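What follows is a pair of complexes built around chain A, which joins chain B in one and chain C in the other.
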Partner chain A sequence: MSVSPKEYKKMEEKAAPKTKSLRNLSGAFFIGGAFCLLGQALLELYKNLGMGSPSASLLTSVSLIALSAVLTGIGVYDKIAKFGGGGTLVPITGFANAVVSPAMEYKSEGFVLGLGVKIFTVAGPVIVYGTLASVVYGAIYYIMNKI
Partner chain B sequence: MILDSPVSVFSSAAVGGKKEGEGPLGADFDFINEDSRFGEKTWEKAESKMQELAAKAALKKCGLSMTDMDFIFAGDLLNQCIASAFSARGSKVPYIGLYGACSTFAEALGLSAIFAEGIAQNCLAVASSHFCSAERQYRFPLEYGGQRPPSSQWTATASGAAVVSKNERPPFIKAVCFGTVEDLGINDQNNMGAAMAPSASATLSTFFKDTYTDPSDYDLIVTGDLGAVGAELLKELMEKEGFDLGENYNDCGLMLFEREKQQVESGASGCGCSAAVISGHIIPKLRCGELKNVLAISTGALMSPTSVLQGETIPGVAHLICFSSEKGGIF
Partner chain C sequence: MEYLKAFLVGGILCAVGQIFIDRTKLTPARILVGFVVGGVILSALGIYEPLADFAGAGATVPLSGFGHLLAKGVRAAVNEKGLLGIFTGGITAASGGITAAIVFAFIAALFFKPKDK
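Presenting the complex of A and B:
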C-alpha cells in the first residue's frame, strides 16, 4: 500500500461529510424546549389542581416518563429523536427511552435473561456514574458543612 | 486466480425488506416482504427465512432442487453465523459456513466457483444481512432515539443466492481474487466505508497487475458497500496506484437506496447489500448481454463490538469476482 495511515487519515477527514451542526443544534433547541414547555405546563396544571409543589414536581416527572415510554412503545420516540438529537436525549424522557427500548428489543430472549439482563444496557452507565457522582457530591457537602 | 474453464452462474435470486423494495432497485428483487419480519417472531429467524427464500427462488429459476447441490457456501453478520447455519438446517447438503463481514457474498461465490470448476457440479452461494438483527448486535436497540452521523451506513435487509455450476449458460465467473486484510488505522465504526476502501484498493490493483488488464477493460466495476465516503476514498487510492476507475465505477451501497430520500446517510451496507445487488441486478444484466465484463468486489469491515470498545482499529478485506457474459476472451 503506497499510502501511510497518517496520509490516509487526512484523506478520510477530507472525504467524510461534516455533521450539520446548525440543523442539529436548532432541532435539539426546539424539541428539547418543547419537552421543557410541556413539563412546565403539566407542573402548573397539577398545582392548579391543588397539589403541593413537591407532589406536583414528582407527578410532572412521572407523566413525562410515562409519555416517553408510550411514545417509545408505539415507535414514535426514535423518529422525534432523529430530528431532535440532544434535545430528546438530555431531558428525563431520553432516559425513559433508553430503558424502554432495550426492554422491548431483548424480550425475544426471555423475560429474565433477555429483558431482565439487558434492560440497562444503554442506561446502565448513567445509573452507575450518576450514583457515584451523588456519593462524591454528598461527601463534599458533608465535609463543607462540618467546616 | 484465473479459472481454466470458467463456470456458469446458472441462476440467482434476491430477497429484500420493505425499504429495499422502495429503493431504485426494487423491481430487481424476486421477493419483497412488507414488514421485514418475513412472518417470523424474531429478527434472527427473519434473516434465516430470507436466506431460505433466496435459495429457493434461485433453485426454482434453474429447475434444480436442493438435493442437486454439492455444497452450500453461506454467511451472514450474526454471532456464530446463525442465520446461515439455521437456514441450511433442513437442506441435507454439505454446508460450509463463512464469515467475511460484508465481503461474504463474494467469498461464497469465489469458493463456489473454484469448487464447481473442480470437484463439484453445483454449488449454492448465499449471504444475508438484516437491519434489525445487525442493529441490535452492533449498535443500539431499534426504538432507541439517536442521530446517525453523516458517514454512517444503513445495513440492508436483504439476501442474495446464486447457483454456480459446470455448464454453458451465461454469465460466467472467469476469475476470483481473494483479498488481503488491510488496515490503515480507521477506528470509527460509523465510517466503515473509509475502513474498507484500502482493502478494495489492494485487491483491485493486485488483480489489474496480475491480469494485465485495467479499468477500461470492464463495463462495470462495482464495490460491495463502501458508501459515498468509501467510494470517494477508493477512487483516490486507486489513482495513487496508477489506475483511473473512471465512469464505469459504482458501489452497491450507493445503488440500493436513494440516499437523501430514504435517509440512509452514506449508503447501504451489510452482506445482503452486495449479495442482493449482484444476484438481483448485475447477474441478470450480464445474462442478457447488457453488461459484458464486470468486476464485483464485496468489501468487509472485520471488527466486532468488543474490538471497537477495546479501541482496536478496523481492518478490512475485499474479495473480487470477475464475471463475463461470454466464456472466452478478456485475459
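Presenting the complex of A and C:
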C-alpha cells in the first residue's frame, strides 16, 4: 500500500494529537494545580500569622507575582512553561510572567518607549476588558438594587 | 483536604486553559482576557463565590479569580458609594495585583537580561 504525503499527514494528524493533547492536558493540570497548592500554603501561612482573609489573599497574590518575576528573570519560568502550558499561563504567575517578559525584553529599546510601553502587551488587554466587564456588572448591579 | 481541593480545582481550571491552547487558535493574551471576563461573569451570576469558598487558592490563583476579585470589588463599592462605585470598585480591588506586577517586572528588568530562546 502506498501512501501519498498528503494522506500520510492526515494519518499522522489522526494518530498524534491524542497522546500529545493528553500529555499537554496532564502537564497543565499538575503544574497549574501545583501553583494553586503553593498559593493555598501561602494563604494559610499568612492567616496563621494573624492576617485577615482579604489581606492574606492579596499578599498571596503579591508573593506569587514576586516568585514569578524571579523565575522569569532567571529563565526558569519559560522552561516550566514548555511542559506546563496552560498550567503556567492561567495562574496569576502566568499573568506576572506576561508582564515581566516584555519588560525585560524591551528594556533595550528604552525605559519609556520600550519597557514602559511594552510592559502591558498582554496585561493591558486583560486589565482593559476585566475593568470594562466590572463596570458593566457594576451598572447592572446598581440598577437591580434600585428596582 | 484544603490543599487537595485547591490542587484539583486549580488543576482543572488550568486544564481548561490548555484545551483552549490546543483546540483553538486563540493567543495567550486572548485566553487570559477570556478567563478574567469569564471570572467576572461567573462571579456576577453567584457561581464563583461558592467555588472560591470550596477551593480557596484553587479558585483565586487562576486568572478567573482576578475577574472574581474585580466583580466583588465593584459590588462592594456600589453598595458603599452608589453610582460612583461602578467606576472605582473594579480597579481598586485589582490595584494590589497590578501594582505588584509592575513593581516586580521593573525590578526584574533592571537585574536580569533576557535569555536567548
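FYI, the second predicted complex is superposed on the first by the 128 of 147 C-alpha atoms of A that agree within 3 Å, B and C clash if a C-alpha of one lies under 4 Å from a C-alpha of the other, contacts with A are read in each partner's own complex, and residues count from 1 in each chain.
Note that a contact is a pair of C-beta atoms (placed from the backbone, for glycine too) under 8 Å apart; a residue touches a chain by one contact, two chains touch by 3 or more.
This structure is a prediction, so every number in the text was calculated from the model and none was measured.
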**Study point:** First (chain B), second (chain C), both or neither touched by A:G75
**Key:** both
Between chain B and chain C, the one with more contact residues on chain A is chain C
Touching A:V126, do we find chain B (first), chain C (second), both, or neither? second
First, second, both or neither for A:I31, with chain B first and chain C second: second
- Return first, second, both or neither, reflecting whether A:G85 touches chain B, chain C, both chains, or no partner chain. both
Margin query: Quick check for you: in the superposed arrangement, does A:V100 touch first (chain B), second (chain C), both or neither?
Written below: both
Next on the checklist: Quick check on the superposed pair: does A:L45 touch chain B, chain C, both, or neither? Answer first, second, both or neither.
Outcome noted: neither
Chain A residues contacting chain B in one complex and chain C in the other 17, 24, 72-73, 75, 78, 85, 89, 94, 98, 100-101, 104-105, 121-122
The residues of chain A that touch chain B in their complex are 1-5, 8-9, 11-12, 15-20, 24, 72-73, 75, 77-78, 80-82, 84-85, 88-89, 94, 97-98, 100-102, 104-106, 108, 121-122
The residues of chain B that touch chain A in their complex are 41-43, 136, 140-147, 149-151, 182, 184-186, 191, 194, 198, 201-202, 228-229, 232-233, 236-237, 240-241, 263, 266
Chain C residues touching chain A in their complex are 2-3, 6-23, 28-33, 35-37, 40-41, 43-44, 55-58, 60-67, 70-71, 73-75, 77-79, 82-83, 85-87, 89-91, 94, 96-98, 100-102, 104-115, 117
In the complex, the residues of chain A that touch chain C are 17, 21, 24-25, 27-37, 39-44, 57-58, 60-62, 64-66, 68-70, 72-75, 78, 85-87, 89-96, 98-101, 103-105, 107, 115, 119, 121-123, 125-127, 129-131, 133-135, 137-142, 145
